[in-house]
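Dumping the structure here so I can ask a few things about it.
Labels run A, B, C and D following the written order; every chain starts at residue 1.
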Amino acid sequence: MAVTAAGEPLPGQFLTLRVSPFSDPLLRRPFAFSSYRRASVGRGARAGIVYQLRGGATRLLAELAPGSRVDILAPLGNSFPPPAEGETPILAGGGIGLGPLLFLAAALSEAGGPIAPRLVLGVRSASLLPSIPLPPGAVVCTDDGSSGFRGTPVDWIAANAPEGRVRLYGCGPAPMLVALAALAAARGWGASLSAEQWMACGVGACMGCALPRADGSGYLRACSDGPVFEASEIDWAGGR
Amino acid sequence: MKPDLRVSIGGLELANPVGLASGTFGYGSEYEELVDVDALGALYTKAVTLAPRTGNPVPRIVETPSGMLNSIGLANPGVEAFIAGKLPGLRGRRCAVFVNVAGATEEEYLEVLERIEAAAGTGPRAGVDGYEINLSCPNVKHGGLAFGTDAAQIERLTRALRDRTRRPIVVKLTPNVTDIAGIAKAAEAGGADAISCINTLVGMVIDVGKRRPVLAMGSGGLSGPAIRPVGVACCYRASRAVGIPVIGLGGIMSSGDALQYLLAGARAVQVGTGTFVDPRCAMGVLGGIEEWMRAQGVERIQDIPALLEV
Amino acid sequence: MKPDLRVSIGGLELANPVGLASGTFGYGSEYEELVDVDALGALYTKAVTLAPRTGNPVPRIVETPSGMLNSIGLANPGVEAFIAGKLPGLRGRRCAVFVNVAGATEEEYLEVLERIEAAAGTGPRAGVDGYEINLSCPNVKHGGLAFGTDAAQIERLTRALRDRTRRPIVVKLTPNVTDIAGIAKAAEAGGADAISCINTLVGMVIDVGKRRPVLAMGSGGLSGPAIRPVGVACCYRASRAVGIPVIGLGGIMSSGDALQYLLAGARAVQVGTGTFVDPRCAMGVLGGIEEWMRAQGVERIQDIPALLEV
Amino acid sequence: MAVTAAGEPLPGQFLTLRVSPFSDPLLRRPFAFSSYRRASVGRGARAGIVYQLRGGATRLLAELAPGSRVDILAPLGNSFPPPAEGETPILAGGGIGLGPLLFLAAALSEAGGPIAPRLVLGVRSASLLPSIPLPPGAVVCTDDGSSGFRGTPVDWIAANAPEGRVRLYGCGPAPMLVALAALAAARGWGASLSAEQWMACGVGACMGCALPRADGSGYLRACSDGPVFEASEIDWAGGR
């Protein structure tokens, strides 16, 4: 049975799902939306996620037969803010951070802003590249150089960023977020980063998904204050 | 015949026996769109302490087999911000509201309660109908062992709280003790109107790859279905040790689980971690209890404990 | 380089840190076809008491979320039948054998140990290499609370046992206490060579349909993965309270689980319920520990606890 | 991976299986063999069980795709003794007790004793009849009379037993075993009953599956002293 809150997801928002009726694995698992298509005559709404096999829940997810029903709670969290007037949007994804950026890239293209968004995806090695089509102009980076640019998305962006104001949109592992925040600070760019943190409730009730504020004054909740934060708000290295 | 679901705690009437456990439902607004809180019997707030607490360093949670550990660390805005920011919203609740009170010293507990008493007043819709005293806070005076482990101290604290309010006092017991029956008796002797059990069990998970505990604080509190058998056993013992009502919790995911607690001697239950897994868990528990009572011809909640054959 | 897996407990050398927990492996012969016991470090026998015990009424076990409850009730043939029927078979073992000793009074513990000492003699292949003292037996003199809950009594009992044998004594701690560190210290003060923790947690499951506890005895002992976080936390605390080795157990199913215990401070581990789920569990745990040590360049088992960053 | 002890199963023996890699459901589940066919050239050995959906483990079992591998431990326990010279074998099964009796019936027929075994199966209602072929001459009993004989297998046997010595073979719910044991005692028949009891280890190590001895002197283990016992050995009403 799907427990679904009303509303259409925006890029950056996530869902939580429960894949097992048993008590192990127990907690719902969060996944970012990677696409959303409104319902139209004769066709239901359709949402997508991109996920990576990690442990029990993702294994069960992968074993689900097509057409299976899963218990979903969505949409949750905030969303990526649009680029300000004159900002070039650059989307940096690491590994499973790709999902929400695909959604954002599609939304930005659809909105048809003056500057086309550029997606930069980093993976460790070519074999880890997801088997889904990337948007036009996407740059692939691999740590080992086995495909595309050798290095991280942050390296690529540092070397190839256009002149003028940039807004970074980032989602990926903590070290990448740390590097993106540092790059944005050094260049004076805006940066909207999507945080990952273990979650219990996903709706702001348990304080489990806390992220340390950059100014040391306490914590913000990844699930309901985020998952998207302005890079300067969070101590990205202190989250795990 | 519609079963009578009402439960009385120290003179306060709860519409039904199902409540939402402290720390798992915030102050009632977070799950607003998903859960009809007012259809339930009671809401137990996140702990309120004297000063604001930002909470423990992160990570604060980790999943375990059929359970989870948390070390949230009583993150809360402090009693003044609670009164200014949360109490007004709670005044609109139709279910009973128990404010969960915590502190590191006896004085802190008393001060929190006194300030809320003063702010809430005595009229209806006060925003607070009773207190749940969280004794699992590390006790600074007792070398870090939690408050809830020393019977004499519990009796004294309960009595001091008792002197300061006419609202029902629920004392929440930790299972991390040798003799939970003795602790329950101490709370009763101090004048508690009810006890709730159990709070979390102390647990630890180590990240073998990183060679350090997963939680930044090292250990945390274990909750969820894993601890249900411990909770039911504690409830069974505690309810036989005292005459006041016992409120059972720990790992309740379904009405069957809740009925285990009620048969074990509880007069009411709370759903904690279950809400994380399924936000509508408590509503399902309530519906299932009513259905079971109907099917079994049980008229009143308080008749259930006597049905247990031992 | 092959890691050094040897572990020393009171001068006794175990070939490796993995043992089979008391009560889950009988006296070593039941799993014979499935498990190469002699490839492991130690076998901890089912409890031996003075008189034969048929055990508790049935049902004795029930599954719980990620765990199980048992109330076997120390079913065993008694010390004389143990000596006549089981000891000869144990003399053939190449792994270390710890005889698990239980009793309802101090005298009973002493008598069991003395009789086994007398029968085993002092030569090699005695059939017993050490003792594990099970303190979770309800203590008749202390109103039914288990032995393992009173520090002074544990120290006295351990000392009395110490006076009667030169073989290593492992005192097994129950987690159902307020202060496990204090209990561990008492065992050390009494002369224990090691402590093992944890024994089962008290739990209860109620059959809602039949309106009675599933177990004939009402409550039972909770074991399995559900309790692993509790075991790791106990081990962490106990190993910081004492200088003697700590043997960790509770919910170990994999080498990763065992490494949590070793990083938490344990010098050795035991597999209990895990053997029921997979008879080869302990062998997998052993293999995985060795592999991990190799991959991490850790030379000796006793070097593992220091790797934990807290 | 299948952990299998050596040896071919005999009627009455059982296997235990683990259906989930997670820790809920945790324990292995016991099921009696309902058939066994030796390996021959070009064809592997094949064993069968008949099971009923009850809770989590049987649900997972039912969801397994054909060809899935499961972790099996077998054969465990003792087996049904053959009928003595001149004993008519009557096999009484209640519900899921059918499995081991099918195996026994096949083995007795194959052995070709002088007297053909007769299988009597009881279920509550016709809708609960298993969808597998029963051996020739099998009698179906339903509590509600919706198919075959109205009543229990014990009722049928009490009314229709042949003259002379009978050996009852029984497997089913506790009340049925109690009634079979009483019938056998009253008529002076031998009776081999297969017990059901919750099991943890399945191999005799944990003492969890104890059954009270009829003489009150203690307990026997369903898994390794049984599961098949002479009816007079056990206090059948005291097992749960």
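Quick notes on this structure:
Just so it is clear, a contact is a pair of C-beta atoms (placed from the backbone, for glycine too) under 8 Å apart; a residue touches a chain by one contact, two chains touch by 3 or more.
In this text the structure is predicted, and so the values were computed from the model without any measurement.
Any chain that touches chain B and also touches chain D is listed here: A, C.
Simply put, of C-D and A-C, more C-beta pairs touch at C-D.
With centres set at the average Cα position, the gap from chain A to chain B is 36 Å. For the pair chain A and chain C, the distance between C-alpha centroids works out to 47 Å. Of all residues in chain B, those that touch two or more other chains are 65-67, 224-226.
Counting only residues that touch two or more partner chains, chain D has 23-25.
Taken chain by chain, the contacts link every pair, so each chain touches all the others. On the chain B side of its complex with chain C, the touching residues are 64-67, 69, 145, 149, 176-179, 201-206, 208, 210-213, 218-219, 222, 224-230, 232-233, 236, 251, 256, 259-260, 263-264, 292, 307-310. Within the complex formed with chain D, the residues of chain B that make contact are 65-66, 225.
Of all residues in chain A, only 3, 5-6, 18, 23-28, 71, 73, 197-212, 217-219, 224, 238-240 touch chain B in the complex they form.
Chain D meets chain A in the complex at residues 20-25, 56.
The residues of chain C lying in touch with chain D in their complex are 23-26, 30-31, 33-34, 46, 54-55, 57-63, 65-68, 70, 72, 75, 224-226, 253, 273, 275-280.
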